[in-house]
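In what comes next, chain A is part of two complexes: it sits with chain B in the first one and with chain C in the second one.
== the complex of A and B ==
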């Protein structure tokens, strides 16, 4: 049975690959490395791209207003969920709402938790005004159709816990009313509660840590929506003029500026992986081209004998293409499999390492990326073996056997 | 002989990685300020035992001349690797946030090590089984 198999067209190709196991293994490894980089690069940039999309959808506001000097902290909260607490006098809500070109203003209160039940790191607690909110509520509504009670919270996708579970912050128990889906942003590591509950949590925090409690009625940031016919940059300038920028104690941050900053990082990441993939692809193509040329030169005698046994020129060329195709297919599959095994479990760590919003692609995106990487790896082999295959197709049996040294 | 050395040393390295990795290499979360441990600590303790078991199976694979015994040890190692994966992901678990060290680094590393171990031991078991069948057919 085995012997019969070897005499087939596929059998001859496989036997040729098996005859030189070290060379075959090296070529498969080369293509596997190419597939690994192609797939990993596409997955990482795709996840970062999803994260940036999620961030721009998730922000929901055109301008965010924070106390002077806390604009960087705001980015930390939005992008990475880094816990911070800072306060702004509530009178700013009225002042900002009175500026021309502003359609809506909604306050949020940030409280940094102590080590909680689950984790040795603090979490960001975010209180929001349910009557005016347009940032948190639209996302929560999908999972929670009613308003949050004072002892209820909504947790981000990165925090473990199920609806109905109890979590303790500063000695007070809260019931998980809903869990948000992953957004790839800092909100995934945040806990949301209504404004009254957040004020109580802030007082509890001050009591437990000995820090100064937040001033009565204070908030941390104001989310602003710009009215139609006005631009965010125009309104930002108006806020600065109105309140004597630099001395007013508040800083307006255009949401687009935060997204643009992250998009810049994404472009750099995409460029890096694009360049790495292109270099590796060119190197793989060159090495495979040289390897197949050397192989076909070594096998001139074999090709001449096959021609004299009745193999057509087309069939000989197809044999070379088949061998190279088998190498690149095996390499591509191994590279993608290894990459998937490495990437999937470590996605949280990779997301932290790239330091930008990171959201795993959907299964369809994952499959499309794998197919793309496999296709590109697969064509590399036959493409590299095309010149020797054409050359073999041109030579006649007699010359091939003579040149082969028989 | 080649098979014995290769699989035996591979299993011992894997066992040491599973056993000591969470303690020294891809470390678990630090204890809380009051000195108490979080859940991931106990996963780490369980993995010490499992890693030691895999290393012992590796020793058996390296020393046993009988292919049948090595086939049995390989199957046992597959099951041990499956438990290496189940400990952090199902049986004990870890901290409450996916961004914590245990869930971002330690558990994925254990999952990858366990998966690769399962694949490696399964290939070895298949290789030994086919060898046994071939031997039986010749007799």
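== the complex of A and C ==
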């Protein structure tokens, strides 16, 4: 752009930036920090938001019933895939189904696996009743046209393995019948099997680990759908009344409460990053504004010379805006690139750190977030340099020359 | 006429006192004519030059360049005039430190909106000014005389119809000053009208006409130079 005889307007701006490397680098770094926080914050909150969306879509039930004292464990399974095993008597299925306002009840049995060759961490095995299920089946049907056989499993998106591969749990081999897409929830680290297979797995588990086997016919949780005209909170209250809340041995947990709890965490996370981004943006804007104003004062001589050579006021203002735009564009790109390089390999750890359902954004979401962060970073420079640019744009040529000491 | 100023006045209000920097000055310069203005510091010479260059609006009077009055032109029109038809060499060196000598010389060409090229012409002008070997150097390492030559080469690049120079030989040694005046004389010979302000009697000697400014007024011709 500035080779011999090939000078351009853009080249003039670039030359000015290149010849003041330290100042340019400082300003680029400031904008890069802003873009880094904007992009990282958006990525993390976006991923958590995806996870919460996935959770509310995939939960499927209005109420979940677990043994008393295990409601926190249930959240661990649903949100983070933390393996756990607990049991309640199968007679609860009929008892709960008999409550007014309940449309459907389906049991699930949880078995916590040992380390398997497939995975470096223990997994949650979930057995479900295929005849009554309304949670698992709806979202694996497209990948699984028939009912699961006793030696077949469906694996979550984070578990390594492909359809047709074999996985061994407690010495027994299972064929992967389908693999689900990522949901951002604990289901991604869960293995689904039919109820009979889960009972065999639970018994294998007891045999291998020496733990007490589940009582005959027991289940871990009951998923409940509330009938039309009833509310989940109303039915929860009815269950508590009917079965002597606190002493009955079971706890009804409204699914909405779990989602709301997570949503509350997401709001706090979004608020934190929003506030951090806003503060950093305001600081960047202020610092850049001061920097560009100081620079404009220092450059009065240069502006005077350019005016005498035929730069119009508009062109001079455009030069200032172009230089600041170049700084913020470079800073924005660097910040986003750094953020992406640092975020992508550590998605799992970040997900654990935020302690929420966490699902990496799609490429489209990723691109949109990058574009948003780049745009906001990009406008910061020209916005900050607007006051000096306007001042330059208003001063006449003679003032520019005189103030430049020429 | 290349440029014609009629009844130019420039007044400044200083506290409660009105100061006339330029007082009723009329001046015309034809093609290839070399006009010099002498005078003491504060006599209004530089103010007059800035008015003639369209950088400063007069309080009264008019200036016309090739028949077009400055009063009828906006900032864009006056800037275009300075880019393409009027070379201005300001007091001091007027060279931008962020650009090489060649880039400095090419600036008016870039501002005129034309893309590339003209490097050869720029190099030829640098050759003429005796500084071609400095084309890729940055101004920081150049002497005062070399910087002046850069400014002159830049002013001459677009083959202006009028060259306005404010103290082009100030603080230069005799030999360098003579070289610079040689460039001016050559430009005038090629048809460029020259309006120069100087304190240097030797430099003034190159002019066809010499005017003297006193207290903002232009006194009648002091005589003709040797050019």
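The working rule: the second predicted complex is superposed on the first by the 397 of 406 C-alpha atoms of A that agree within 3 Å, B and C clash if a C-alpha of one lies under 4 Å from a C-alpha of the other, contacts with A are read in each partner's own complex, and residues count from 1 in each chain.
One rule holds in what follows: contacts are C-beta pairs under 8 Å (C-beta built on N, C-alpha and C of every residue); 3 or more make two chains touch, one makes a residue touch a chain.
Note that the structure is a prediction, hence the values are computed from the model and not measured.
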| item | value |
| --- | --- |
| A:348 touches, of chain B and chain C: first, second, both or neither? | first |
| Chain B versus chain C as contact partner of A:297, first or second or both or neither | neither |
| First (chain B), second (chain C), both or neither touched by A:160 | first |
| Partner chain in contact with A:362 - chain B first, chain C second, else both or neither | neither |
| Chain A: partner with more touched residues, chain B or chain C | C |
| A:189 touches, of chain B and chain C: first, second, both or neither? | first |
| Chain B versus chain C as contact partner of A:168, first or second or both or neither | neither |
| Chain B-facing residues of chain A, complex | 81, 115-121, 123, 158-161, 189, 341-342, 345-346, 348-349, 352 |
| Of all residues in chain C, those that touch chain A in their complex | 50, 53-57, 75-76, 78-84, 88, 90-92, 94-99, 102-103, 106-112, 115-120, 122, 135, 154 |
| Complex contacts: residues of chain B adjacent to chain A | 29-33, 38, 95-100, 103-105, 107-109, 111-112, 115-116 |
| Contact footprint of chain C on chain A as seen in their complex | 2, 4-9, 11-12, 15-16, 18-20, 302, 304-315, 396-398, 401, 405-406 |
